[in-house]
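There are structures below to look over.
In what follows, chain A forms one complex with chain B and a second complex with chain C.
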Partner chain A sequence: MKKMFFKMMGVLGIWVLLSPFAMAAGVQYQVRVDGLACPYCAYGIEKQFKQIYGVEKIDIDLEKGIVFVDAADDVELSEDRVKTLINDSGFTYRSITREPR
Partner chain B sequence: MPHHYQKPYSLASALVLGFLLGAGSLPAWSAPMTFNTALPVAEGEFITRIQGVRRQSGDDPSSADRDLTVNALVTVLGYGATPKLALFGVLPYLDKELRLTNEGQRVRRSKEGFGDLRLFGRYTVFQQDQPGRTFRLAPFAGIEAPTGEDDASDALGRLPPPFQLGSGSWDLFGGLVLTHQTLDDQIDSQLSVRFNNEANGFEAGDEARWDLSWQHRVWPRDLKGGVPGFLYGVLESNLVYQGKNEVNGIKDVNSGGTTLFLAPGLQYVTKRWIAETAIQLPVIQDLNGTALENDYIFRAGIRFNF
Partner chain C sequence: MRQRKRPLKFLALATVVGLVALLAGYGAWFPSAQEPAYVFVDAWGEPGTGPGQFRDPTGIAVTDNEVFVSDARNARIQVFDHDGRFLRQFGAPGEGLGQLGRPMNLTISNDELYVADYWNDRIQVFSLEGKPLRTIGRSGQGPGELNAPGGVAVATNGDLYVVDFYNQRIQHLDPEGRFIEQWGTTGEVGIWAGEFNYPTDVALATDGTLYVADGYNDRVQVISAQGKFLHKWGGPFAMNIFGPFKGWFATTTSIAFGPQGSVFVSDFYNHRVQKFAPDGTFLSAFGEEGTGPGQFNYAIAAAVAPDGSVFVVDFGNHRIQKWRPHDSE
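Entry: the complex of A and B
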């Protein structure tokens, strides 16, 4: 019984330790945008990306002109699609990188 | 025609109220408070702005000692039809009050209600974007529909045309606006004209104006990532020329002229909303005859996007 308890606690401990990594799984796209120079304009871009299924979080660094898009693993943002989204927002697409989170 | 009917015609000569209170306050971006901008509206995005305006005119060169107060609540709704084409509607709610001396007695005339609806489109013809900066050029054109009441009366009879809530005519306006925006500053400049048409025997003089705006970020001094709120100090100028009004085909010599306003203000800009205020002070008023001069125009408003 005591062994069983320690085994269960061990499994639970491993699960607790690994869960943050499991939750952080996914990808982050970093999209460089030209022409973005005020807070109010940033919302137009945010709104365009929010329409994509699987996009979990959007952060914008106004000073660097970078849009950080956190998405699920299976979300694939092609360059063409991102270019269209940025264009629809009224700005100019520069580049995109994809990294695991 | 009673004497107090004649005088108010010249009141509109300095500046047509609708243009000053409405078309002159079109934008809904982080942008000038007294005119337009060339900044984008994302496709499918709505932006709205509600601005309270108080115009006071009381320095009357005539013996009528006219004192005019106009309070307005101007609502703007914009929509990004395409990345380059934005459509706008502007509807003012007006409360006009005129006090004047007529035959030795102080008379008060007033009217309140919705004014004329202004619809226009703006198309970006040139856009040059770089990291943290943009330069854009956008012509715009629109029409003012006679939705406001133009045959209102009070105890003294029919209100003169400038004090009606609407002009009664379909009027056209258009212009060109350029915007240069960086993370630190924004400069907007606009040239525009307005062609007024006749209704009820009255035709307001056509107008031309040149507007300039400079916005400077005063806080935060340094950017440290994210999308912080910006506090802008704003200085705008409006050079407005209006031709003489026509009453039953005859030019009103006590109407029209040139005014230069300077407008210092403050604007706080976030990602979803903007709060702003400015006061337009006339620094030059070269008006014809006994046209009533402006004392000030105060503006305060808020904008949202959704």
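Entry: the complex of A and C
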């Protein structure tokens, strides 16, 4: 009975720990870019990202120089791919982070 | 002894030549205003999606009684009277006829509105009432194809001069969009005469001379009606040297003519509009960074009404400002 209780608690604990990921509908990438104040280039970045399959939404914070990319769970944006995309858009790539939404 | 004198003589000569060049350069590179400054009249607009509100205003064109504004993130064109009263709007997000993807610089020719439809890689033409008429161009790098058009000028015969931002070129197309010629090497940035570094806008003088806002080269380039490079201006040697001084630029994002043929250039990162004679002589400038009356948070585009009033798109403050010449009422 005790064993059963600990098993159940264990399963519950794992479920609690993983539930934010299970419930998250997709991921959000945050890409830091230098020189994002000009909308010509900002829109260029948006245009490039929205052509990637699985990308659902793009927001840009011009003041902070961050591109927010919301994508489906299975979309994997590698750093190299994003770096190329940013550089092709006329910007300097700084960093990328990936978090569940 | 003679050998010792020669270096001294050379040094003296070099110093004199250097000083003369410096003085000559100072006059050319740091010009003073030739005209009184413009006077702030009014401003309208705020962030939002309703009538008279903007999300990233980016382009502007005027008639003798109306002001057309590209409201980029709202994917629409808004129309106002010269006092900022909202009249109508048209456009919606999308790729179909009449739909827009980040509209940028605007041009009015022959009672038609030409919209640089940046995301859709085309020029879209509307009636001034807002009826979609036709589109010109398609995505690509080939002749007649576009990659993010930033602006367009229209000749009296209907030919188009399209700024092809990411293709680093200006294309001359016939009214049906057939390729005639281009300036700049496709996809290649350059800082020398006739080369471009993310060009943003273009304006056509009455004699057919083409003026290009060569955005990230921080300059204006001028091309003759015969297609030959004529001259350029903007900072020392007009070759990608930016700065806050009079006659210098920090990214040129639009170019327009005044009723007397003066050239008005939006100086984006310097938060101002600068006015020049057609030969590039600096005349005056107005605006400074800020959020108050007469201040800009990135001046991205300007258009001049027949009465000389200048309407400026204040990008970061999500509003339009109206200015008038100093000597007008």
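Note that in this section the second predicted complex is superposed on the first by the 77 of 101 C-alpha atoms of A that agree within 3 Å, B and C clash if a C-alpha of one lies under 4 Å from a C-alpha of the other, contacts with A are read in each partner's own complex, and residues count from 1 in each chain.
Throughout what follows, a residue touches a chain if its C-beta (ideal position, glycine included) is under 8 Å from a C-beta of that chain, and two chains touch if they have at least 3 such contacts.
Everything quoted here is computed from the prediction, not taken from an experiment.
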{"item": "Partner chain in contact with A:G90 - chain B first, chain C second, else both or neither", "value": "both"}
{"item": "Partner chain(s) touched by A:D73 [first = chain B, second = chain C, both, neither]", "value": "neither"}
{"item": "Contacts of A:G65 with chain B and chain C, given as first, second, both or neither", "value": "first"}
{"item": "First (chain B), second (chain C), both or neither touched by A:P39", "value": "both"}
{"item": "Between chain B and chain C, more extensive residue contact with chain A", "value": "B"}
{"item": "Chain C-contacting residues of chain A that also contact chain B", "value": "37-41, 43-44, 46-47, 62, 90"}
{"item": "Touching residues (chain side chain C, partner chain A) in the complex", "value": "56, 58, 72, 101-102, 104, 118-119, 148, 150, 165-166, 198, 200, 215-216, 251, 253, 268-269, 298, 300, 315-316"}
{"item": "Complex contact set, residues of chain A against chain B", "value": "32, 34-48, 59-65, 87-92, 94"}
{"item": "Chain A - residues contacting chain C, complex", "value": "37-41, 43-44, 46-47, 62, 90"}
{"item": "Complex contacts: residues of chain B adjacent to chain A", "value": "29-30, 39-45, 80, 83-84, 124, 127, 129-134, 181-183, 186, 223-230, 269-272, 274, 303, 305"}
